[in-house]
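Shared between the two complexes below is subunit A, which has subunit B as its partner in the first and subunit C in the second.
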Partner chain A sequence: MSVKIRFFARFRELLGTDVLATPAPGMTLSGLVKDVAGENKEGYDAIFDEQGAFREFVILMRNTKRVDTADAEKILVTDGDEVAVFPPVAGG
Partner chain B sequence: MITERERERYKRQMMLFGDEGQEKLKKAHIFIAGAGGLGSPVSIYLGVAGVGHITIVDMDVVDQSNLNRQILHFDRDVGKKKTASAEEKLREINPDIVVTARDEKIDETNADQMIGTADGIVDAMDNFTTRYLLNDVALRKKIPLFHGAIRGFYGQATTILPGKSPCLACIFPKAPPKEVFPVVGVTPGCIGMIQATEVLKYLLGRGNLLTGRLFIWDGLESRSEEICVEANSCCAACGTGKPRGRELRLN
Partner chain C sequence: MIAIQKEDVDIGNLINDAKQRGMGAIVLFDGIVRDDDICEMELESYEEVALRELEQIASDAKAKFGLLSVDIIHRIGRLAIGENILIIIVGAGHRKEAYEGSRYIIETIKAGVPIWKKELRKDGDRWVPGEHPHGCGMGKN
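Moving on, here comes the complex of A and B:
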């Protein structure tokens, strides 16, 4: 199974723009992002809190549809998925 | 009526939208929340385009560290109220428009009255607490909110049309953490131009607005992308659709 994870903005600096991954069957959306983000501690910490939950402001998309990060632990990744992880910014 | 002097000033853009379009801009009142990194380019460009009445609100004093991006304010303005500096520059930039500058903090007690009968709100704030408040007012008054935000080389923008698009709280249910954000002036310049373009399009009734779309700018990659955003049926602010709680109670 092959999927693509797209990071945006600051996440992109830490983890790369487009990351291709080959997760095992049964992998959840949350598990996939954790695996890929785990390559860089700073990148992982920017996305996940100390309990391993998505930080509450993170926007997660799967195949252009918004996914509630609270549901990401239950959703299974399927072949060809494109997952986007985006950190909104607040400055002006 | 467009005066001869205005006709000459706006000649090149009236080639795009004629007397009718210029009249629409002249009759419009736009409320700009913030005279900082985003508020500076937005107010300057709406001012030169001839948006007839601009209200700009800020509570801060110009600091030396603002000058790398807040292009309404000059070195000589350090220590001056941002509103006084903004009013002076905008009047010089275009004496044919009305500028109201308000040196106040926008909060829930004054936001409705301050925004009054404005035709739209530009979100040029630096914090989500006030942004959510502006979103609430936009929803109540059924006027658009032109959102923009930046950090470093990155920015985002979207246009909220109450009842027709997701609201700010649908798109960002949780605010990013507060911080002293790094920024280089070109980033609010880019995002401010997206916001100002949206305002002009809305007032002119031209083109397609950034409704239901979140525009994302990556200055380091020189890449812009957009993600589709949808109304959240459980949104606490706009209450679109059926809240989850009500469904449960009905069951």
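Moving on, here comes the complex of A and C:
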């Protein structure tokens, strides 16, 4: 299984962008982001709190649709998914 | 025209192109890089999503306020002080709808469209914090 994780803004600076991952079957969205973000402690700490939960302000998308971070532990990733992780937006 | 692009646009041409029979008012919003003691501004977007959401906002604004035309151009990349960041041109039958439609569009963009700004400063760079920390402005679409 192959998926792509896209980080933006500060998260991109810490973790890179368009990161390809090959998670095992049964991997959750939350687990996937933890695994990839775990490559860089500062990046991980920017996204997850001390209990390993998504920080309140983190925004998550799966295949360009917003996902509640609270649901990310229940959603399984599937082959070809594109997952995006980013901080609050500041356009305009 | 709905676009996310590096290049600037000719606002005068856009206004001329927007004019049509039955239109009595055009409101222009031009967000520019303010001199907050910065060197430059750098913008990035999740382009596929941001463009889709700008198109949705334009469509919603037309329906909600009875607008006759909407143009939204959001720029990305490095911009100098005084450069255009976001241009919104709204045309309507009367000024009330045009002003209200323009305000709706800018506030909805700021609430949820995935675009970020970074101030490039002599004393270090700084990501501009969002005004909507939960990022819920656009719902889950």
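Of note:
The rule is simple: the second predicted complex is superposed on the first by the 88 of 92 C-alpha atoms of A that agree within 3 Å, B and C clash if a C-alpha of one lies under 4 Å from a C-alpha of the other, contacts with A are read in each partner's own complex, and residues count from 1 in each chain.
Note that in this section contacts are C-beta pairs under 8 Å (C-beta built on N, C-alpha and C of every residue); 3 or more make two chains touch, one makes a residue touch a chain.
The model shown is predicted, which means the values in this text are computed figures rather than measured ones.
When both complexes are superposed on subunit A, subunit B and subunit C clash. In the superposition on chain A, A:A9 contacts both subunit B and subunit C.
By the touch criterion stated above, A:M61 is placed in contact with subunit B and with subunit C alike.
In the overlay built on chain A, none of the stretches 97-105, 169-177 or 241-249 of subunit B clash with subunit C except 169-177. In the superposition on chain A, subunit A positions 8-10, 12, 56-57, 59, 61, 64-66, 84, 86-92 are in contact with subunit B in one complex as well as with subunit C in the other.
Residues of subunit A that touch subunit C in their complex: 6, 8-10, 12, 56-57, 59, 61, 64-68, 84, 86-92. Residue ranges of subunit A in contact with subunit B, taken from their complex: 8-10, 12-13, 17, 56-57, 59, 61, 64-66, 84, 86-92.
Residue ranges of subunit B in contact with subunit A, taken from their complex: 34, 36-39, 123-128, 148-152, 154-156, 172, 174-179, 181, 183, 188, 216, 218, 220-221, 225, 227-230.
Interface residues of subunit C facing subunit A in the complex, by the touch rule stated above, are 31, 43-46, 48-50, 52, 74, 85-86, 106, 109-118, 127-135, 137-141.
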